[in-house]
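Here chain A shows up in two complexes: once beside chain B, once beside chain C.
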Partner chain A sequence: MAQTKFIKKESLSAWLEELGQAHTVLAPRFEGDSIIFRPYDSEKGVFIDREATAPPKKAIFPQSETLLEYSQIKDMENLTKIAIDVKETIPTTTYVVFGGRPCDARGFTMFDRVYLDGDQVDVYYKARRENTCFITLTCEKGETTCFCNAVGSGPSDPDGSDLLITPVTDGYYIECVSTKGEGLLASSLLTDGSSMEGEATKYKQAADASMNEAPDFTGSPEKLLAVFDNGPFWEEMSDKCISCGACTYLCPTCYCFNITDEANGLKGTRIRSWDNCMSSMFTSEASGHNPRPAKANRLKNRVGHKFSYYPDIHGGVISCCGCGRCIKSCPVGVDIREMVKSAIAFVDPTAKEVPAEEPKAAPTEKPAPKETSVKAENTSAKAKKNKKSKKPASKKKGAK
Partner chain B sequence: MTSNPYLPAMATIQEVIEETPTIKTFRVTLNNPQIKKDFNFGPGQVGQLSAFGIGEATFVINSPPTRMDYLQFSVMKTGEVTSMLHTLSAGDQIGVRAPLGNAFPYEDMKGKDIVFVGGGIGMAPLRTLLLFMLDNRKDYGKITLLYGARSPVDMAFSYELPEWLERDDLDTHLTIDAEFEGWEHNVGLIPNVLLDINPSPENCVAVTCGPPIMIKFTVQALAKLGFKDEQIYTTLEKRMKCGIGICGRCNIGTSYVCQDGPVYTYAQLKELPNEM
Partner chain C sequence: MQNLEDLKEQVRKALPELDVVIGWTGGYDPLHATPHFIRRDEDIDKLQVNALCVHNLATYLPSMRGKKVGIIVKGCDSRSVVELLQEKLIDREDVTIFGFGCTGVVDQTKIRRIVGDVGNIDSCEVSGSEVKVSASGTEHKLAMSDVLSEKCATCRYPNAVLSDHFAGAEITSTATFEDGYKDVVEFEEKPEEEKFGFWLKEMDRCIRCYACRNACPMCVCRDHCVAQSRDPHWLSQEAHVRDKWMFQVIHAYHLAGRCTECGECQRACPVDIPILLFKKKMNKEIKEVFDYEAGINPDATPPLMTFKAEEDKITERKW
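Then we have the complex of A and B:
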């Protein structure tokens, strides 16, 4: 049985101060109209009554971070001869993120599969991940934009967190979820929480019951591939989109980045920064060719990555945590739930009329996707995956 | 590669060859003796070259793994990184992150006839496999090379062409797009010359690389000659940053070109979403 604790509401700030002695504590507070995670400041307090405007993604994946520092050293005997010294800058700061929601913590599990479990470990992410603890707050109730219940999660899901805290009378019930979390429980401000379990369970059940009916995303990987070549479908979906990228910056699961150099005389840094797949530059090649020239192509890839490609590669897990920020903060009202549901519900009208004649309609182009092609797409996706697992093994061995 | 996949190994430029007005070839050696000793790659794998202060860009290692005195990269001047690289000369330092991506399946190609079809700078990834095969000549059947460029001036590796033309165990064809004074070889577009050469698809694989439009018509010509999709190999260009399948920009559906590619059969490409 996992360890449980209780903390009084009025002791919370003292606990955060205590944690702040050894770690940088990030907690949400109001800044203007936004709720943002910032280093905890007892005078400014915390605001945890609503989901924060931006997730605490920066703790583990900063908007911009230095990967390398380099310096060019001139040879004084021969000034044209320059040696280059390159140093890696692995981060060492330890963080405690307080007051994120289950969706926020779950976002990092999407990162983990890509940054930690691939052929190459991302050492910067690994260091930050290991140095960060998440004290996650159970949600009181779902908002209209919440759909964590549609992606295998829920308002009290402990996945990705180290401690889960649930509001109870006069305080919070604390559940230890990981061994990292245990290290945060030494405080004398915490008392035994076992008597609060029943109340916390009721709180969680009420939160579950408050959720909207979950949209059904069953079959999204195959169906999104089936509508891939349907230009009009994606043009309609992306019609409103202005490619601003707010959805990507506010997404707890968006992990794409850019790498750039910044020179300052003979020294400089190589930095990694959040990138935005909705920008046309994201895939623009040196030759001038761009495989995703239009916003329809880019939105298709964004939705496809989260609801088709990622689940195909990672055992069916949808790379979306259902936090709804992309919906809430989209200036033009694009709704990812609706796009995925539309793809799932899509039936090609021409395929319905003359299914047998369909392939002849457009001999030079790939045949338009149709209901009957779903199965074929599905099997080809599987075949591809098998090949994928074989390919690196045979080729990379010799290359190691 | 080091345990930090973003940390380049430092290398020294040994020689710079001016291939064409826009292409320079860099022959580099890794500075650290242990990294140099452990370095191993397959023909077709790529590397990221660092121009410190500007950034990185991806290039194929176009020397073969059978000749490890240096690693060779050919760089066409197109953007900021390549422009900076073009200013470097012998003795200068450069960062190398390599090898990245997959290689041509040279083991599976053993015992087969090989047809290389390269256009312009697209010859670079073919060169590594071609030289690897010439260095293991008895493992492979008849080898045919068709190499084309807009004009003789745009032809890289021109210093190697006389030897390739002379070899009895290599059937070399060169072509340029339009008549040029003193040019003694083919004149015509690569796909048309390929049809004239008329290689048999029997127990044969074709390996092609070049500008997208050339690849498109070369694949059509190969199909006309009876080559099946799985007998045709190509290697793709994509904008890449991390080179290890994380940063998220080079994917075609589920396939990350920097890691799962850049080498694909035409059959594999047809299975992927139509987003070249």
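Then we have the complex of A and C:
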């Protein structure tokens, strides 16, 4: 039986202070009119009554992070000789993310399959992942835009979290979910929580019951592939999209990045920063060709990646945690649920009727090839060709 | 809108000659509208025009060049259409403008400030003077004056400045130019350090999603923006406030004499950064120096798209 604890509501800030002695505690608070995760500041407090505007994605996947620092050292005897000093910068700070929601923490399980579980381990991600704990808050109720219940989760899902805290009378019931979480339970502010289990269970049940009926995404991987080449379908789906990156950067499961060298004289840093498939530059190749020239191609990738290509190679898991931020923060109200449902419901009016017992032909067209290795080659080729360029062309981790 | 049926009728008559008409319809909950692309007759029935129709649909026009497009515009939106015409970024003969007298749109951020949790909207009724919202079972009666977008409170162009069809009666405005820039004047009076501190604090939470840029009808570089160009690599991709702020300065400068102040940059910002203030400052300067406002007269040449050997208010030869 996992450990359970209780903390009084009034002891919460003291606990966060305690945790802050060993870790950087990130907690949501109002900044202007938005709720943002920031290093905990007892004077500014926390605001956990609603889902934060931006998820705590930056804790493990910063908006930009330094991969290495370099400096060019001139040989004063022979100025044509330049040595390069490179320093790898593996992050060491430990973080505790407090007050995120189950969807926020679960988002990183989508990252894990890509950055940790494959042939290549991303050392930067791994370091941050191991150095970060999530103290997640059970949701009181779902919002109109919430659909975690449609993607295999729910308002008290502990998946991806280290501790799950649930509001009970005068405080919070704390469940330990992982070994990392155990390390956060040493505080004398925490008392035995077993007597609160019943109340917490009721709270969770009420949260489950508050959720809207889950949209049915059954069959999305095949159905999205079936409309892959349907240009008019995607043009209509993307009519109102303005091709910005709000959906992607607020998404707890979007993990694509760009790599650039940011030079400052003879010194510089190689950074990776968030990139998004809504941007034209995202798939721009060194040759000048862009396989996704229009917003319809790009939006198709966003939907397809989450609801088709990712589940296709990761055991059917939809790469969306249902937080709904892409819907409510979209400047023009693009709704990913509607697009997936439209693809599922789409019937090709020109298709010949197939007898019921005969299975429909599997779609032959697969999405654009995974671009990671291809792109790396392309960019290195460009870098070689253009020796004068101080800044090598960007590399990108594509849909994986 | 009182004359929605008239507008629908105008759209219905024009639709056969057009590829699409852009308007608004209900969004993901009763408090939100969303852009609506009308291609079929049945789409017309879903048309919604009220104070929730915040989006400036002119932003779609440049990318639809070559198609016959109908567009429904508020007064402010029509100025963007005019500015696009002035800059020859769209073709007059391909655009059919449906105007109406606008009484203003809401600011969703103001509604959130008052209502708090807007995650579960049961219903929303909009009238000229009030927005009645039921959120999580609690009813809120919001005076329109409390939730009206700032640009609407001081609007001088409530009627489409250019239109092919106009539904309903024109709205009279009494606001002056000065009314619209009180916030800028107030900000200008603050000490430099305070102003700089304000922007550092506000811009720090920018996620560089460029919703401000892409929602802007006048940001027409789109896929070729300096913000993300790789070769040359103009702007650092670091998440430093310096670089975030730099982009806003570039945005404001590129809009000098072109910005129609629709406020879409600020409305689109997912983290509520008050970036319209930048653009308003620039517009105020443009007015002072060139006595010019963007998007009013389709035949006018924007001041920074031409030059005079001797500018009236720039004394560069008399130093």
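As a convention for this text, the second predicted complex is superposed on the first by the 351 of 400 C-alpha atoms of A that agree within 3 Å, B and C clash if a C-alpha of one lies under 4 Å from a C-alpha of the other, contacts with A are read in each partner's own complex, and residues count from 1 in each chain.
We adopt the following convention: contacts are C-beta pairs under 8 Å (C-beta built on N, C-alpha and C of every residue); 3 or more make two chains touch, one makes a residue touch a chain.
The shown structure was predicted, so the numbers you read here are calculated from the model rather than taken from an experiment.
Asker: Which partner does A:Ile242 contact after superposing on A: first (chain B), second (chain C), both, neither?
Answerer: Only chain C; A:Ile242 stays clear of chain B.
Asker: For A:Ala206 in the superposed arrangement: first (chain B), second (chain C), both or neither?
Answerer: So A:Ala206 meets neither chain B nor chain C here.
Asker: Is A:Val86 in contact with chain B, with chain C, with both, or with neither (first, second, both, neither)?
Answerer: first
Asker: Just checking: does A:Ser287 make contact with chain B only, chain C only, both, or neither of them? Give me first, second, both or neither.
Answerer: Only chain B is touched by A:Ser287; chain C is not.
Asker: Have a look at where A:Gly304 lands relative to chain B and chain C in the superposition and call it first, second, both or neither.
Answerer: In the superposition, A:Gly304 touches chain B alone.
Asker: Given the touch rule stated above, what does A:Gln63 touch, chain B (first), chain C (second), both, or neither?
Answerer: After superposing on A, A:Gln63 lies in contact with chain C but is clear of chain B.
Asker: Should A:Thr260 be classified as contacting the first partner (chain B), the second (chain C), both, or neither?
Answerer: A:Thr260 sits against chain B and chain C alike.
Asker: Would you sort A:Ala2 into first (chain B), second (chain C), both or neither based on which partner it touches?
Answerer: After superposing on A, A:Ala2 lies clear of both chain B and chain C.
Asker: So which one touches more of the residues on chain A, chain B or chain C?
Answerer: Tallying touched residues of chain A, the top partner is B.
Asker: Check whether A:Glu51 is in contact with chain B, with chain C, with both or with neither, and answer first, second, both or neither.
Answerer: Second partner only, chain C.
Asker: Indicate the residue numbers of chain A shared between its chain B interface and its chain C interface, in ascending order.
Answerer: 258, 260, 262, 284, 391, 394
Asker: What residues of chain C sit close enough to touch chain A in their complex?
Answerer: 27-29, 32-37, 55, 59-60, 63, 109, 112-113, 117, 119-121, 136, 202, 205, 207-211, 213-215, 222-223, 228-231, 233, 236-240, 264, 267-268, 270-274
Asker: Per the contact definition, I'd like the list of chain A residues that touch chain C in the complex.
Answerer: Within the complex, chain A touches chain C at residues 31-34, 36, 49-51, 53-54, 62-64, 141-146, 236, 239-240, 242-246, 248-250, 258, 260, 262, 269, 271, 273-274, 276, 279-281, 284, 295, 327-329, 331-333, 335, 389, 391, 393-394.
Asker: Going by the contact rule at the top, pick out the chain A residues touching chain B in the complex.
Answerer: Going through chain A, the ones touching chain B are 67-68, 70, 72, 81-84, 86, 88, 90, 114-115, 118-124, 225, 228-229, 255-263, 268, 270, 272, 275, 277, 282-287, 289, 291-292, 297, 301, 304-305, 308-309, 312-313, 366, 380-381, 383-385, 387-388, 391-392, 394-396, 398-400.
Asker: Tell me, which parts of chain B touch chain A in their complex?
Answerer: Residues of chain B touching chain A: 1, 3-8, 10, 40-42, 45, 51-57, 76, 78-79, 82, 91-93, 95, 99, 102-103, 105, 107, 211-212, 237-239, 241-242, 244-255, 259-260, 268, 271-276.
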